[in-house]
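Two complexes follow with chain A in common, the first pairing it with chain B and the second with chain C.
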Partner chain A sequence: MAQKALIQKPNLFLAFVQQQGALLAFVALLIFGALRYEGFFAVYNFAELLRYNSMFGLVALGMTFVIMTGGIDLSVGSVAALTSVLAAQLSPHGLWIALFLPVLAGMVLGFVNGLLIAKLKILPFIATLAALLAARGLAFLAANNQSVSVATDTGFTDFGQGNILGVPTPALLMFAAFLIGVLVLRFSSFGRHVLAIGGNEEASRLMGLSVDQIKIGVYTLSGALAGLAGVILASEFGAGQPTEGSGWELAAIASVVVGGTLLTGGKGSVGTTLVGVLLLGLIFNVLNFENGYGLISLSSYWQSVIRGGFLLVVVILQTRLTKGQKI
Partner chain B sequence: MARASSREGFGQKYGALLALAALIVFNMIFTRYFLNLQTLYVNFTQVATIVIVATGMTLVIATGGIDLSVGSLMAISGALAPMLFLNESLPPILGVALAFVLPVLTAGAFGLFNGFLITRYAIQPIIATLVLFIAGRGIAQVVTNGNLTTFSNMTFQFIGRGRPLGLPFQVLLMFALVALIAWVIRATIFGRYVLAIGGNEAAAKLSGVPVSRVKLAVYGISGLLSGLAGLIVIAINSSSDANQVGLNMELDAIAAVAVGGTALTGGKVNVFGTLIGALIIQLIRYTLLAKGVPDAVALIVKAVIIILAVYSQRVRQS
Partner chain C sequence: MRSELLLEMRDITKTFPGVRALTNASLRVGSGEVHALIGQNGAGKSTLIKILTGAYRRDSGSVVFAGASVDFRSPQAAQIGGVSTIYQEVNLVLYRSVAENIFMGREPKRFGLIDWKRMNQEAKVLLERFNIFIDVTQPLGSYNIAIQQMTAIARAVSVKAKLVVMDEPTSSLDDAEVEVLFDVIRQLKASGVSVIFVSHRLDELYAVCDFVTIMRDGQTVLESPIKDIGKLELVAKMLNRDLSDVQSSGQTGFTARTRNASDGALRLEASDLQRGRALRGVSLSIHEGEIVGLAGLLGSGRTETARALFGADQLSSGQVAFDGRQKQFKTPGDAIQAGIGLCSEDRKLEGIIPYLSVRENLTLALLPQLAKNGVVDRARQAEIVNRFITRMGIKTAGADQPIRELSGGNQQKVLLARWMCLNPKLLILDEPTRGVDVGAKAEIQSLIQELAMDGLSVLMISSELEELFEGSDRVVVLRDGQSVATLTHDQISQESIMQAMAHGATINAGTGVNLESAL
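Moving on, here comes the complex of A and B:
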């Protein structure tokens, strides 16, 4: 008994570090940046950081729900590329049409993913890999192989480039989406069922949960959020870009993992994914400042090496810590 | 009952082969100059690197894993080789010899690193190999400063342009490697171990299979083969571009394995199927190109084929 208590005590601490490790790293990096760089701890820097990373945040939010069911969605980057093209093409008709229809298109693609996975029982990895290829093809077809510029006189670009109460509009949207995500996961039956399916799909089915519908639901959600990210992309940069978004799925998966959600499903948290996204964004930001600082010059190539190395360190720490928990 | 199951077995075993035959017949009728040695060479030369990488991927997937880093490892090996055979301080022969060996071994070492993460830290393969997927291409870019290197060195480029007995060298290499890996799976203890791990890892461990060592080896082999494929690509192109070599290779390789009938859940393997799967994907690309269909549509067709192939196998299995 005494032995048990001894083991349990550090476990609570480890569990805290595992769950909040990303947050601790985020705060540490923030302090580091504030002390080292001029202009780092400034409203402008943070506003632009949030504006740029809102796309990744939305995609990672959808990915979190998918991963909690034990699945994966590789198609998000291509879907965003496709909807950025659609949004650019629809932008002459005003913001609402250019916002609504592309998101709908993303939903439809996500729904198809869900059907393939839930009804045809194709592994998520393969189904969404096919969707990755197909959506990329559709994006090139729709855009005729070139980037599509947006209409600047219909208010469409205000959405991605504007602020509400000083906060970038896309960032507000991202925070709202995460807030809803947290509430859905914690208080709705959908959220509980998502976790139940990820924990044990067979048991959930036997308990009478409508597993298929919930799976279709999470992929549709992921498609819709990727679609929204594509609209932001077009609005923020003034063009629909059929070549954009490659590698977004892996960045999103990395954010989810860094946030502490387990890839095996059944466990996870929406809030920590947001921290994961912001942490990865902040690393980029700090590296940019370091470049501007001039002591060492890190090419963008070094950045991907550092990003990979960082992912490695976080994942190793997490597996060590979760191992400790299991004992 | 018995008849039905034997028919299902036939479909499952030969479904991909039938699809390939259908594609060939279609082209024989509708594509001009298809029945031509040159066409055959073009298709085989283009598919060789995919097959070589996909063969390693087949082993990885047979253990229930996945390797996302293959394209990045190709870029690393493709970046290293010119530094060796273009190196003025080395005797030319030694430079070329080292260019064949060191880059491939380096890629193999990175593959072992993947395996180390997966076995030592029990990190899921998709995440463990994601690390090098991201960092690996960065390493290749850092090494070359992101610059394109062009060269003309026929001794080195034999690996991608040589024609012993009139046959493209990398095609011979491809067939040899497929035959070798198929033999390893069928006839060696290592092959049994691979399948046992993919079938039920816990049971394999309990029955004395050296799970960690086998997994290390499998990811190491995948790295070696990726390194080799990287050399072939730069030899064909007469240039090495770290930004381009092996881009999206992981998707093609995984698709070839899936279409070829190897279960992505592990425990079942079909090395020749992977060859067929890669040929199907290649021939679709060729057919659409010959018919003047844009690349974008080719992507969509590829997606549909992957889903159809995987779904039809699933139906037959259940």
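Moving on, here comes the complex of A and C:
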């Protein structure tokens, strides 16, 4: 009795578009920008693009793991705001203290989120919404309702503003984090179990996976990465900013979804989230150039509308093209 | 001669809020033995198995496994302890590859990283042992249910368990696949592994099992070598019927009535309904004002027949004529339009909407007719609701009481009323009195009878022999997806029903049963 797979040979082109839709859009936009704008295809432009988007990249990386378990983390933006304030306040006390303690704070907040979700069975949406509100409040309290300048003599700002081998330090950090993320997802039990839990939580439990620990793990990871994003924020702009970070969670979710990760969990990729982040960043960049061209002038509100449109188009492309293919 | 015991569960008691699921239940399995565990729905098999596999904790009792007293706290602990389980519904992750599903939680590693090459290779070899040659790197969800089930079995076998529990593993397999599974079971047995095999297919039990334990009402009622007990006796034990005592009556709300089958016009005639392995040739007919009972063990295709007649599942072949016209209901909506109603078995899941009121629940299906320009005619609605509350004897504080506050029996009456206010010609009732207390049960039964007197045709699925025996004008008996007997008039007895359930058409034991040819 030879069993045959029921799967029909997928159309390779469609499969590629589905998996790499964000990459195609990214490349297309890159070519468009290079042809149309002077100074677009320049080292400086790309370096600054990467420097600025590294914060979103880190947040989106954590979000990818959370979403792959079928959860959501709404607190990332507030956590980043809080840790940017903490980093600014700690910056006079030494570089390493200012770098690590805020990340630790983000980790603790994420860990609490994870505990609430895994042990008390609070819905991720609710638990992290509460954390969003609480962290925002703490950020304002800690900052005394104003932005907090960082110390300039401890080298703290070099971290966000400097380069290593010509590449912005935060961008290097982001690339390294994504590389580790890809490896963890592919080659560690943790990564595979994250996907298993998102695919079928009850089955995972019955298979004997440590569902609770893994859930706590992804929220802790997300908190830590949001904390790191806050440190970069303070370092790059020279101030802790309690008002920053609002809407980051949505931008991160958008990047994850554009990258092709299922919002219901169970299926996704880390690498394509990075492409999603860069795509959304590039749209912003192109619009800035278009404004600089002087023909039209789009306010940042319009930019948001256009990003929303792009998000929809990419997702519709991904889902329509693969209609009929079951998995 | 029985080998030494691998598992001994004794005096297991488990109570859920309001329900006593197990009372001093026991289960003993020898090593290298294939042990059948059978019982009706609610007999406590699943609870007992879940206690063994760590999904539930017992209230009292002892479990000795491989010579040591154990108390598994989680499925994980049970797996480590050597008990591996295959659940009835495939409990795997469809998005992940076949190989991953087999090795999830114990992935082969190299330098701390998952060794994909080895994992895929081992999964391939494992499945080839079961005669399955597939690409194990593809997502599990891209394969059919049978392969998914075999993957679950491969997973359970590969953990090197001492005991493999299979909870209805064959329900989604075809005959050839069942044979492969039996080969696997024999391989396991030969290597000293014990198997607990839950199935409702009697032939399968006799084909592969050594011992059988029968459960009923949360208790173990019999343990025996399977060759020492006949099929009829097995069924009788399961249903709690004494073979010699089959003429008791007056236990239900159905009053003795002259069975006047088939003098009304023919309402529905179904012939040779087929759908996969669940329905393999079901034929039945229902006349106007007739109550036809649908009997059969679990998994014999009763609910599937109901769903197919109602258009909820599509048939692969077969004919349905309704009121003399050939019909093919594509959706339940079509069937409702034609005048068919279905009260499903699972009230909570498929019937009531708990937070809505009695009024809203009762008129849910009628709303399109009650609405004018999208606005519900409240006065007419109230009139209908009140009429049915009175007629059905629904005990409620008022039409606006949320239905979840009503007793099971009254919820069931509301569901009956939901269909009755549509004026159906045929009502299909799947276990209409399950989970209903005794008083309400009798009320519902006499209500069904009254409705039939008024000309309603009823197809009544029931696991209770009294209900079938006393309530039906005719009884159609299903076995393994086939209608094997139609009993009319004085042919209907508890024994004749049991005979047909157990043996189908293969034995006509001189009971006067008119057994149709099975094929």
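Throughout what follows, the second predicted complex is superposed on the first by the 312 of 327 C-alpha atoms of A that agree within 3 Å, B and C clash if a C-alpha of one lies under 4 Å from a C-alpha of the other, contacts with A are read in each partner's own complex, and residues count from 1 in each chain.
Everything below uses one rule, namely that a residue touches a chain if its C-beta (ideal position, glycine included) is under 8 Å from a C-beta of that chain, and two chains touch if they have at least 3 such contacts.
Just so we're clear, the structure is a prediction, and the values are computed from it rather than from any experiment.
Asker: Considering only the touch criterion stated at the top, classify A:Leu209 as touching first (chain B), second (chain C), both, or neither.
Answerer: After superposition on chain A, A:Leu209 lies in contact with chain C alone.
Asker: First (chain B), second (chain C), both or neither: which does A:Gly137 touch?
Answerer: In the superposed model, A:Gly137 contacts chain B only, not chain C.
Asker: Where does A:Ser189 make contact in the superposed view: on chain B (first), on chain C (second), on both, or on neither?
Answerer: Second partner only.
Asker: Report for A:Ile72: first if it touches chain B alone, second if chain C alone, otherwise both or neither.
Answerer: first
Asker: In this superposition, which partner touches a larger number of chain A residues, chain B or chain C?
Answerer: Counting residues of chain A touched by each partner, the higher count goes to B.
Asker: Now for A:Arg307: first (chain B), second (chain C), both, or neither, which partner does it touch?
Answerer: After superposition on chain A, A:Arg307 lies in contact with chain B alone.
Asker: Who does A:Asp153 touch here: chain B (first), chain C (second), both, or neither?
Answerer: After superposing on A, A:Asp153 lies clear of both chain B and chain C.
Asker: Based on the superposed arrangement, let me know which partner A:Lys267 touches: chain B (first), chain C (second), both, or neither?
Answerer: second
Asker: Can you give me the overlap between the chain B contact set and the chain C contact set on chain A?
Answerer: Common to the two interfaces on chain A: nothing.
Asker: Which residues of chain A touch chain B once you look at their complex with the stated criterion?
Answerer: 72, 116, 120-123, 125-127, 129-134, 136-141, 145, 250, 253-254, 257, 263-264, 299, 301-305, 307-309, 311-312, 315-316, 319-320, 323
Asker: Could you list, by residue number, the parts of chain B that touch chain A in their complex?
Answerer: 66, 68, 117, 121-124, 126-128, 130-139, 141-142, 145-146, 251, 254-255, 258, 264-265, 294-300, 302-304, 306-307, 310-311, 314
Asker: Within the complex, which stretch of chain A touches chain C?
Answerer: For this pair, the touching residues of chain A are 1-7, 183, 186-189, 192-193, 195-196, 198-200, 202-210, 266-267, 326-327.
Asker: Using the touch definition up top, name the residues of chain C that touch chain A in the complex.
Answerer: It is residues 55, 74-76, 79-80, 85, 87, 91-96, 100, 104-105, 107, 109, 113-114, 131-135, 138-139, 141-144, 146-147, 155, 176-177, 180 of chain C that touch chain A.
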